[in-house]
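Okay, so here's the structure we're looking at.
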């Protein structure tokens, strides 16, 4: 029998693939946005759910990816095969620096420090003329892929779909390797892993860099979606949003990030129709989900009949 | 011949409480050295300093002639020091098998290889099974460690400590919570282990201690009261007085 | 560059540092005692400022505004603590971060709903509205001096509370070593409410005092919260004394950085480059200070190695 997890993942991707066939461009764009935020949150879930590192500054890498795309766009380079790997590499590089400094601490201090470093990048982006200050950088048009234009929403949608599927498969694979299991062991019991002979910091740093790289790719894609790299991509609100997506989807489930993004983004769209002050509703909803929600949507979908999650 | 472990003048205070006051202790290779003492004497803190979980305020720790006082825990593990914990510290979400696999993997050459396929974990199955067999836990390998019974957790702890083929085992009350039969089997196992490793054994089960120990030290209020072979220590009047004063138990004569 | 200019910048840094300390002291105690990472701490700062600005607009009295703003922060703090946050003390940091993030969203939007998104303004009390001549050639707003005065007064009162009273010493011991909390031997729920109320009060006080020299607007809480985090980490989590030292260091570094970095960069860069780079460079000063401290002392200036 196929594991239920794979069935759920298959259904999610089937729905995402079907959207452009039946929906207007507006819905395709919405689905693309969901996938991009799902990808960004996937990078964060690798940190939080597997590595046990609660970063409140993960938007830093989202923004870095976006600004890489923006700077390339400004200088006239629009080949995705150049832009996207560069975004991944730059985000990974920043991840290495921020991660190795932040990992000198753990717990609450780690949360505060990641937030502080992301905010530092926000201030730099918002005040440096080369990065467009608070206006950000506009992209003249979307990146192409191996020379093929991705200008049509449908084409871009499917490219994002493939990238998301690839990133999910890779993350899932890494989580099952000896490396991934060691990172998971450090999340569960760090001193024990040290006593067994693991250097926890090295493993956590590798995990941090990986998460940064995944989210960096998502950043380059979001700049392509909105044709814009803005300081908002780096803002702490975005960091918070990514964490919310992770917990809505189910911490550590990886694929749940896509579900969490879908719920949050659709909820935003619907609530924003009803009232300008939709965040007054979102805040309490979020609090209720945390206090009473169990392990997010993934936990709910994978629940066995007896009620234990797998 | 130099001792395997040599501790000189180890001191640790928490706030106003001096937990270890200039502790000296020597463990020879392939010997079982028991460390006994009433509750709160500082035994667990002492082990934690040897393993590298806590940094001493003063003193030196020599392992096989090398100063390891400032080394982090994982480096000491690579040198051949393994420990078990008084309160079993397992990975509760992972299965018994995976707990041991993590321990085996920590010391295998490809522990760091990220690219190794998930299938590669199969290579661990053999050593893991052998370790579980050794502590008589093979039949429980597929259940999450978090739901093991108390005595079983101890055995799992032991299996994980043995995974690295250590030269020095630091065992913190390995028999606590075990039934009589389990306890006897574990004593027999520790007895056999002497061939491969030295053991520093913290244990309250006095019978087991006297059955196993080649040498023993008594720690009271953070100080070593006596050290030597078990019969000598047993006859030491200070030891007897300390035991009467603090816990009411007398080591059986 | 005159001595007067340097002195003015030092005074500005002192004043920012003292305000940061008011927030950091509460935050570090709340984390120390309850183990709670409270992202919504800045909300008390914001609410204090908004209520005070409104009361001042209605009555014209600064003292009334001060009392009202601080009172509102205390009431809100104790209400939030007992209704929502208490079940979180035993949960992990992740749940705490998300719930308090939800609170930020709610408070910010509620403030926007009640007061609109334009923001408010506050005036200093009439007696302090003028400038005084500190040194020949150094006029300085007397209200800014008053802020520092109030900050110093709070530092003294807080150190008396934490250093001279029984409950205060217990709180301080509990904050430095979490295991001590269970040994406090007093009504623990009362201590929780007390500590949280104290934290909210200090944050509210900082909000009211800062109100006349900044724009009272939605988002002001988070702007200062992040600087406060830098202070808390720099000082060592759980250490009030550490927070004090770090708050002054951050306040001075930020003010001096903003004032002198352009001059410093002007020494070897073209003026146009300086005006382009200096604001970005100045805003990174405190984060670089934090990074350097982490490399040197990961546990913070006066923190415990845990």
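By letter and in written order, the chains are A, B and C; residue numbering begins at 1 in each of them.
Rule of thumb we're sticking to: a residue touches a chain if its C-beta (ideal position, glycine included) is under 8 Å from a C-beta of that chain, and two chains touch if they have at least 3 such contacts.
This is a predicted model, so every value here is computed, not measured.
Enquirer: Hey, which chain is the most central one here, using CA centres?
Expert: Minimum centroid-to-centroid distance belongs to A.
Enquirer: Based on mean C-alpha positions, I'd like to know which chain lies farthest from chain B.
Expert: C
Enquirer: If you average the CA atoms of chain A and of chain B, how far apart do the two points sit, in angstrom?
Expert: Result: the chain centres lie 43 Å from each other.
Enquirer: Centroid from C-alpha atoms only, then distance chain B to chain C, rounded to Å. What do you get?
Expert: The answer is 47 Å.
Enquirer: Measure off the straight-line distance from the CA centroid of chain A to the CA centroid of chain C, and report it in whole Å.
Expert: Spacing between the chain centres: roughly 31 Å.
Enquirer: Can you list the chain A residues touching chain B in their complex?
Expert: Chain A residues touching chain B: 173-174, 176-179, 181-182, 184-185, 188-189, 191-200, 206.
Enquirer: Can you name the residues of chain A that touch chain C in the complex?
Expert: Touch residues, chain A against chain C: 48, 54, 56, 101-102, 104-109, 111-113, 115-117, 119-120, 123-124, 127-130, 236, 240, 243-244, 247, 251, 277-280, 282-287, 290-291.
Enquirer: Please output the residues of chain C touching chain A within their complex, sorted ascending.
Expert: 31, 37, 39, 84, 87, 93-95, 97-99, 101-110, 112-113, 222, 226, 229-230, 232-233, 237, 276-277, 279-280, 283-284, 287, 290-291, 294-295, 298-300, 306
Enquirer: State the interface residues of chain B toward chain A in the complex, per the touch definition above.
Expert: So the residues of chain B touching chain A come out as 51-53, 72-75, 77-78, 82-83, 85, 89-94, 98, 101-103, 105-107, 110-118, 120-121, 160, 163-164.
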